[in-house]
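These are the structures, in structure tokens.
There are two complexes below, and they share chain A, which is joined by chain B in the first and by chain C in the second.
Showing the complex of A and B:
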């Protein structure tokens, strides 16, 4: 009997727990919910069906059904897609959008409450908006070293505006459309590679030429300085020699006292100077003092 | 009569299992619940076994009828030796049953093994491919139907198991075991689906692993039984156990038998009847109460919370955010009133924008030394075939290159890899603002990097502007994170792997890739520097050498000047004295001077004296060398 009592108690507790679970539901602070009665959404006086976070009562299925949705900002991004600028230049662009549910009932009706389905529909809308907006801008307004000419913020704002118009009745609010990445198609990328290489090769030439120019200038400057120094030295040497000539000239007056002897001595000096270092002399036997070699024979002949 | 009932029961079991399997398959497909799909595999095998055992039972029934007919025939004909011990051909039903058990039963067991293996592979794929497996979508109706399956399977399984305990009704046992196990698995399906319904989808996978293990063990048991069957001694009269009757399935389907088996094992081990002691009986009597108390204790233990040092937690009461709990001990109302969600707020989280070098990661996994990463070699930069990995970012360029096509945009490409580290600094914002703040932060960061790079100068970025770029990006990303109230603090933004793309194509065979050309610029700069240093070396030597030469020249000039003046002075003085000598003896002095000078001047000279110019006789005064013949041809005029 006692055992049955315990079993009964446990059974009652379990029934209470399951009953409680069937008759109540919780909505988290990150969620919004709607409740339907026999399939019809329960709305308030303002026509809104959103049930905010907290503890709520319900009738069990099939009377009431509760659908919960994440009310936080959702982030969606799609594939890297090729589009064209206003001048027809191809560009790859990847956009992302942030959005949130602002009307749970509309969201439920539009997408059966499926976030993935909403993401798919949003993708179509944003892609269309992206292509139409980009085609109104030039490449230079998207990529430019002069940041004042860039229109990326404007493009993003236009894309958001267009997408918001197209999703006005979806029960969602688009918070932001951002350009996540920009790229170029493979064929253009290849050309850009060539362009980058050309730019580098030009820089290589410029660098090498600049190096050569600087080296030559340094060498020429050194040569110039060296020549100037040597020229100045030679000029100074000539001056010195001239001064020496001038200084020694006053002593030459002494020679004028006896020009005959002076000339004789100069000749001797000149001869002595010219006969130095391995000279070969072919002399007549009458040349003194070698005439001594032939005099006895002459005497004999006489 | 009982046998007829059993035969009918076998057929009903097969049909019921088939209907429930199809129903479960429909619900599993509808809910995308992996545990429901796993239960379909188990129920499907049970259906096959149940139908097969019915067929086998039918054959046995025919054999028994045949035997009765033969016995009746024997009694009618008396003991005529002609019919005594009839030949084997006289028992077609028995032969059919024997052939069936010899060939078809092992083949069927093998077929079941194949089904189990295929089922396991299918379940494993479901469990491992989490990316493509959608989360289960469960409704109360689904749970209710599964509850109906539990009751049906349990009642019919229990009844069949009771029948199977009767003599010669063991053919009902395999089907009954599968029905009872089916009710257990359906219970787990209901539990996991209920958890999913209340927002705990993780249970689905966890319970599926449990069913996966049951089928795996059953398949192993089946395989072992098949192998052992080959070596089993065949003894006449000894009844063989059904090959496809799994002991394990029977044990799992009827856990009560497990308890009785355990009790018997305890009795055997201790040597006395443990099951008859007061303690055992007391525990047996109060088991329900003990388990209930444990559940109550477990329920209230959910009121105690310990938050670890590196964590913070949000406390939700009936779904509303009540509080953010710091590390330490906390009390809360029991589940499901209060719920706790933990977050590692102090932990440094990170993600990488751009190239993620998987070669590097592979090296890490293989514990090999990390190879050298070069600009000129691909390290997972992506290609035309893998555009997702192709992280060449656009950088604007204002350099116009002559000869390039007007269609080619004036841009550069840059390969980047930017690791970003962050920490949660406002937990409320972190969980309340977006469903996936980490993903949104990545998108925002990538947006900032893209916008930053399109206006940046590539040379400045890779050179002196590196640190400024790093700081600017950090500031921009932080401001975006704050603008979106993500509740995170950016700790670090790194610019690693920021370099020109490898950029190799068909045209690169001669001119080299883009990165290679960037390196060539560095080589050119080095060459120019080398050239400049060579010129400096030349310059450094040239001027001092010139200065030295100039000094030498000047010194020489000074010496010559000094000498010239001194010599002139000395010669003047000597001349004054020589004049006196000359005046004294003019002719002698001149001759003496002339001859002395001649002697001194020609001391080292070779001298040839023509003795007679007409005869060409030559007197050579130094005979060590031969006379050159050409000198004989010289004509010299005689001198005074």
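Showing the complex of A and C:
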């Protein structure tokens, strides 16, 4: 009897497990699911059929069928292909898009749940969006050192917006569209190389001239400052001399006591001072003390 | 089949059966018993095996999380916050529980080389033009081209591990795309020269853009470092090298001029000190000499006033003596016989700057 109980218990457990497998399903944290009853999707009051992660009940096939989809953000990228700017300049662009399923039922209806089909459709949509958006912008708005004129962020936002309009009906939400590569056709890049070389040559001349100009300016500034310093020093020296002359005025008053003697002494000093070094003198014979030399001759003649 | 079902049926008495049959029965009974015993022991083994299997199944969820790992527990597919720490953890077997282990590297590295390597993964090649499907390069803000690659290290905050694992399908590919995007944005907004000479500006632009893209996609990672390498195409490198040389020459010329300027200002300041000092000396001398002259004047005045003629004659003679001593040449004209006194020491010739004496 005891043995029968054990067998029965095992049997019941197996039946329960089998029953659970038939009557329940599990949706993983990374998935979203939909359930159909006799092929028709089961929707809630809001019209959504998405079943979030967790443990759920179902009727066994063929009453209920469950379809699960990966609801994680997916990243897709496509080929590096040529398009044209608004002024007709060719440009090569490669974009990537991040997207996720935001309506499992629409996604199921659009692609039968096939991610590859969804990727193909996205490629078509993003490519169309990319071409139409790029054709509205100039080359200078795609590459520019002036960030005010650069519109890359705006271009990406436009591409996302345009693509999102098309993908909304597919149950896909585009999170972002970004540029992954930018380039030019081969024939244009050879011209770019030549331009880069000639630009450098021009910049070399410009740099040399700028260096010369700056060096000259520095020297001129320095000369100016040096002259100013010297001028200030000269002025200071003059001021000091003036002050000394003013201070010596009280001594000049002494000379007024006998101006004749004063003039005589000044003249004498001036004469001695001017003939102090390496002078050549042409003297009249009557100049004292040389008149002593002529005196005896005169006396003889007399 | 139960054990009772497997037991042999012994309902008839031996008296009711012939001897031959009796012997056969005995043999059959022995076989049946042997079979029953064999079956019983087999069932025991099966039972033990089933129990072991059951225990193994129940314990199959027990997971060891290593020190360099973190684990996320899903119960019936629903994530159970927080992540499991290193150690031994009990979990119910799949499909009730599922444990996803993640290696927690301190720093993760992603590289963007789409603007650098060729389609064959080689370093940038010398060519007359770039083949779009082969050469890796980026367009710069001045319409030029450069080769550029960037490497980014990042770490995951503990709170973001579940997002990192569950939110993205191929999270590394997504982060690489974000880095590629940032590299092309940064290149498109800077000149080729800036890209190779001011890499810090490019790095800053890349970091900013990566953060923006990551945020837009609701991923929480901590960006640690961004490194870049940018070079101009091999064919135009000589022109850029020549420019670098010219730029270096410009810097040198300016530095030389700055040196000269500082030097001339310093010299002028020195000269100014000399001039000011001379002015001071001169003023002192003037004052002293005037004072001395006034004193001398006062001393001489009584002598002059007593005999002016003699005084004047004496002073003129003394002065002439000193003057004639210092004079180089003296031409003395005396009637028909002029006499010339020549100084014995000829005047020293003035030397020009740098001239040998």
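Note that the second predicted complex is superposed on the first by the 177 of 302 C-alpha atoms of A that agree within 3 Å, B and C clash if a C-alpha of one lies under 4 Å from a C-alpha of the other, contacts with A are read in each partner's own complex, and residues count from 1 in each chain.
To be clear about the criterion, a residue touches a chain if its C-beta (ideal position, glycine included) is under 8 Å from a C-beta of that chain, and two chains touch if they have at least 3 such contacts.
Please read all numbers here as calculations on a predicted model, not as lab measurements.
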Between chain B and chain C, whom does A:61 touch in the aligned arrangement: first, second, both, or neither? first
Figure out whether A:31 sits in contact with chain B (first) or chain C (second), or with both, or with neither. both
Figure out whether A:77 sits in contact with chain B (first) or chain C (second), or with both, or with neither. both
Quick check for you: in the superposed arrangement, does A:252 touch first (chain B), second (chain C), both or neither? both
Looking at chain A, which of its residues have contacts with both chain B and chain C? 3, 7, 10, 26-31, 53-55, 70, 72-75, 77, 80, 96, 98, 139, 142-147, 150, 152, 178-184, 186, 189-190, 192-193, 195-197, 199-201, 203-204, 207-208, 210-212, 214-216, 218-219, 221-223, 225-227, 229-230, 232-234, 236-238, 240-241, 243-245, 247-248, 251-252, 254-255, 257-258, 261-262, 264-265, 268, 271-272, 275-285, 287-290, 293-294
So, in the complex, the side of chain A touching chain C is made of residues 3-4, 7, 10, 26-31, 53-55, 70, 72-75, 77, 80, 92, 96, 98, 139, 142-147, 150, 152-153, 175-176, 178-187, 189-190, 192-193, 195-197, 199-201, 203-204, 207-208, 210-212, 214-216, 218-219, 221-223, 225-227, 229-230, 232-234, 236-241, 243-245, 247-248, 251-252, 254-255, 257-258, 260-262, 264-265, 268, 271-272, 275-285, 287-290, 293-294, 297
Please output the residues of chain C touching chain A within their complex, sorted ascending. 2-3, 50, 74, 76-79, 95, 98, 114-115, 128-133, 137-145, 166-170, 173-174, 177-178, 180-181, 184-185, 187-192, 194, 213, 216-217, 232-233, 235-236, 239-240, 242-243, 246-247, 249-251, 253-254, 256-258, 260-262, 264-265, 267-269, 271-273, 275-276, 278-280, 282-284, 286-287, 290-291, 293-294, 296-298, 300-301, 304-305, 308, 312-313, 315-317, 319-324, 326-335, 339, 347
Can you list the chain A residues touching chain B in their complex? 3, 6-7, 9-10, 21-22, 26-31, 53-55, 60-62, 70, 72-75, 77, 80, 89, 96, 98, 139, 142-147, 150, 152, 178-184, 186, 188-205, 207-208, 210-212, 214-219, 221-223, 225-230, 232-234, 236-238, 240-241, 243-245, 247-249, 251-255, 257-258, 261-262, 264-265, 268, 271-272, 275-290, 293-294
